[in-house]
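Paired with chain B in one complex and with chain C in the other, chain A is shared by the two complexes that follow.
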Partner chain A sequence: MRMIRTTLAAGLGLVAGVALWEGYKAVGDPQGTEILGVRLLPRASDAAMPHVLDILERFGRAELTGGDPIWTVVLAACLFTLRNVAVGFAAGGLVGLLLAVLMQRFRLAERGLLPYVILSQTVPLIALAPVIAGWGGRLQLGAYPWQPWMSVSVIAAYLAFFPVAVGALRGLQSPAPIAEELMRSYAAGWWRTLWKLRLPASTPYLFPALRLAGASAVVGAVVGEISTGTRGGIGRLIIEYSREATSDPAKVYTAMIGAALLGLAVAGVVALAELLLTRRTVVTS
Partner chain B sequence: MRLRSMMAVLLAAGVALTGCGTADQAAAPTASGGLTPVKLQLQWFVQAQFGGFLAAVDQGFYREQGLDVTILEGGVDIVPQTVLAQGQADYAVAWVPKALASREQGAGITQVAQVFQKSGTYQVSFASSGIASPADLRGKKVGNWGFGNEFELFAAMTKAGLDPGRDVTLVQQQFDMQALLSGDIDAAQAMSYNEYAQLLEAVNPATGKLYQPSDFTVLDWNTVGTAMLQDAIWANSDKLADPTYQDTTVKFLAGTLKGWAFCRDNASTCRDIVVAKGSKLGAGHQLWQMNEVNKLIWPSASSAGLIDEAAWKATVDLARTTKNQDGQTVLTKQPEGEAFTNDFVRKALDSLTAAGTDVKGAGFAPATVTLSEGGA
Partner chain C sequence: MTAPAVELTGVNKIFNQGRPGEVTALTGVDLTIARGEFIALIGPSGCGKSTLLRLVADLIAPSSGTVTVAGKPARKARLDQEYGIAFQQAGLFEWRTVRRNVELPLELRGQGRRERRARAEEMLELVGLADFARHYPAQLSGGMQQRVAIARALAVHPPLLLMDEPFGALDEMTRERLQDELLRICGTTGTSTIFVTHSIPEAVYLADRVVVMSPRPGRITGIVPIDLGERTETTRQSPGFFTGITKVRAALRGTEAAVGAER
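And then the complex of A and B:
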């Protein structure tokens, strides 16, 4: 029942979005609306906002004359980026979790590290990306030389670790003192308390943080691909297609829709994991 | 129980990730069959602008020289001369003023060849706006890309007696030409081989046909006299002291120039090579680009690849004297030390001439390329 309702709501949302887009196109000024030289409403012309049908139809046509249909190209690019996102998300999640455990365990670590964790997110990506991209050709992972996609994953991880670190720390600190005292009365050590009490108690904080991390990882991967020009991903496609927006405006929207769907897919996977794990919680406790 | 299952899920995810992380990994190209590995950093994605390099790889011109050349694509935040100076590439393609600016800030690079003898930058406006000379830009909304791509425009405006900061409205331009077509700006910066073609691939809503060259007026900095040198080949200054690297440089330039000569004589084959390398721009657009790029190189009276000292000095002078809207110049002083050298390219040209390659292209005549909608 809940599934049906969710699906219906999602469908309605999509219809509303399309209606809004086409509705604005119908009534909006093709030249946009400006008041005192400040643009308030965007252009409604076909060049700036192609019809939804045109965009969908563009998915079916070949990317280049005689080439593959664009939906296969976008799908392949999304899968490529998904790999970068997954690696970045896993690495970022792990680092975030470890940092949270460290900060929970040692008060000094929390005081010393947390400001830097927050500071890390204020470094602009455009400053960071070339530095990380520059690792290529200099680093070696065992027998493997550093690959360009690894730089992209590092950027994704860099954005993804932050919400996990902050969320998990809050979660690990969430058990009531009485619960901690109970564990102590059982003569449970720090490790056992972490395992039996703190980690399970942290899930209501951890999963929203993971969702945020998933979204951040997608943004990080797409921006990383744009910035480093890594071939194969959806970020690169967006920049390639945007160059053709002059004569083929629908094309860039296909890549943007692909990137949006990628974000949704990642959020969906996290939600599914949450559903599976928290359902188990209800049954066993 | 639940924690164990959580761990199991994480573990499974980890295994799956490492699985796909390494599955499609090819071993990095290394010296094979006694070839010297060489890495070349481009400014941007693979396109006909770099046709000569790609053709030299594809046609085996580098292999003839005993080199195994890997071409590294650029990106939005990739600065080729920095990549070169940091030692992650052996050679880089970069515009002369921008590379000299990096050099002034300490990048150890030396120019060893000049690929484009002319500037490919236009300032394009609708013919109806009546912008026939830089002076006509007064009071107009003038688009530019910034980031060091704007200095020819600023030099032209300054030369025409305009104050770029006061007499025109400067607008930061995007990658596409929508701003010009929709009237947001009166004049847009465009490369002859790329953005200008995009204009001619767009449909004019007034006629239902493609825009025609007659719909636009083009300010060409080569004729205005404020052109600056663009795509050039840079080498690592420190390594140039090493005789092995010197030798590699000569061979690399010989292979490269043979590639450009090939693209001059076989523009459509070269276009196919570029398209096969995975360029996302259409084949028609690439042929236009190949043809326009050829025009920037050929015919070359003094031989392709040579750095023309007069043009180089003119570029440096403009880079030192032209102020952008923030009052900054590209260079603050004359380049120090050996900023460029023709020693290697001369040797490369000698060997090519001896082998019968035409490095002047006196008979070169540009083709007429017909563009189609969307560059297909």
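And then the complex of A and C:
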């Protein structure tokens, strides 16, 4: 029942979005609205805002004359980026969780680390990405040379670890004092208290954080691909297609929709994991 | 096996010792509790009754003096799980079913799955919640949750039961029913009990001895022996019951008078 309602709400949201887009296109000024030289409303021309149907129809046509249909190109690019996202998300999630456990365990670590964890997110990604790519060029993982996609994953991880570190810390600190006293009365050490009490108690905080981290990892991977010049992913595709925006305005939107769907897919995977891990078979008597 | 259930000798507890905000929570506490004895701790807020319970449980350490449980130092007794504990809040783990909550202390003792399950079901039977084993705590009423907490405290068959106002948040009817259940359980299992309460009738009804405490600094000011024999339906109306209440009340007044004189 809840499932149906959620699907229905999501569908309604989509319809509302399309209606807003087409509605503005119908009434908006094709040259945009300016007041005192400041543009307040965007151009509604076909070049700036192609019709939704045109965008959908563009998915079916070839990328270049005689080439593959664009939806297969976008899909392939999304799958390429998905690997970077997955590696970055896993690494970032793990680092975030370990940091949270460390900060929970040692008061000093919390005081010493938390400001830097927050500081890490105020460094502009655009400035950081080339630095990470530059480091990567000089690294060697045993017998394997550093691959450019690894830099992309590092950037994704850099964005993904933050919500997990903050959310998991909050969750690990959430048990009531009496729950901790109870574990102490059972002679349970720190590890077992972590495993039996803190981790399960942290899930209401952890999963929303993971969902945020998933979205951040997608943004990180897309920006990472663009700023490191990695080929083959959806980030690169967005840049390539945007260059053709004047002649083929619908094209860039196909890539952007692809990136958005990638984000949704990652969020969906996290939601599924939450469902499986915190499932409760509720008995009604 | 002749060591008393609990023995406190010359126990003092000072919080924030040597720092601003130093508080003497307990001073000069001597108390011996025999095996199978039911002790109620009563006194005004801040008299240190919860502190005393936590000292026995080794959740905090005394500033001086010794705490012995079943002939062992309190720390050793805690590590050996010589006691079960229940608080005013049930403190159940909401992600576990009722049965798995009761299993928790057994799990931490490393007992096998089947054994654990059998014991948990036996304990739930004891508190009358066998039909709710697969429910989650959020689906139960406050009184039922508290019974689960008691089942959990009893699961390891501890020789000692520590209870910190476990019925404090319950309505009067549930409270009286649980008091009877608790006495029945302690009677059949031979468990020694320390029971912290605010309620004079509750202390008198449950206890073999009521330990009266007074604040600033927290100390034991009197011990009232209660001799009501087997508790029955008529006990709460019996003259002996009211005599007990009067005696405890008088002992508590004494502490109030003492506090008044101090000011």
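The criterion applied here is as follows: the second predicted complex is superposed on the first by the 277 of 285 C-alpha atoms of A that agree within 3 Å, B and C clash if a C-alpha of one lies under 4 Å from a C-alpha of the other, contacts with A are read in each partner's own complex, and residues count from 1 in each chain.
Following the convention adopted for this analysis, a residue touches a chain if its C-beta (ideal position, glycine included) is under 8 Å from a C-beta of that chain, and two chains touch if they have at least 3 such contacts.
Predicted model only: the values in this text are computed from it and were never measured.
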Which of chain B and chain C A:I178 touches, first, second, both or neither: second
Chain B versus chain C as contact partner of A:L276, first or second or both or neither: first
First (chain B), second (chain C), both or neither touched by A:V27: neither
First (chain B), second (chain C), both or neither touched by A:Y144: first
Contacts of A:M3 with chain B and chain C, given as first, second, both or neither: neither
Which of chain B and chain C A:L36 touches, first, second, both or neither: neither
Chain A: partner with more touched residues, chain B or chain C: B
First, second, both or neither for A:A48, with chain B first and chain C second: first
Which superposed partner A:A187 touches (first chain B, second chain C, both, neither): second
First (chain B), second (chain C), both or neither touched by A:L119: neither
Chain B/chain C common contact set on chain A: 200, 280-281, 285
Residue ranges of chain C in contact with chain A within the complex: 54, 57, 59, 78-81, 83-85, 87, 89, 91, 93, 95-96, 104-105, 107-109, 131-132, 134-136, 139
Touch list for chain A against partner chain C, complex: 176, 178-179, 181-188, 192, 196-197, 200-201, 203, 278, 280-283, 285
Touching residues on chain B, where the partner in the complex is chain A: 1-3, 5-6, 9, 13-14, 17, 20-22, 25, 28, 39, 44-45, 73-79, 82-83, 86-89, 174-178, 181-183, 194-195, 198-199, 201-203, 275, 278, 280-283, 373-376
Contact set on chain A toward chain B in their complex: 31, 43, 45, 47-48, 63-65, 83, 86-87, 90, 126, 129-130, 133-134, 136-138, 144-145, 147, 195, 199-200, 226-231, 236-237, 239-249, 251, 273, 276-277, 280-281, 284-285
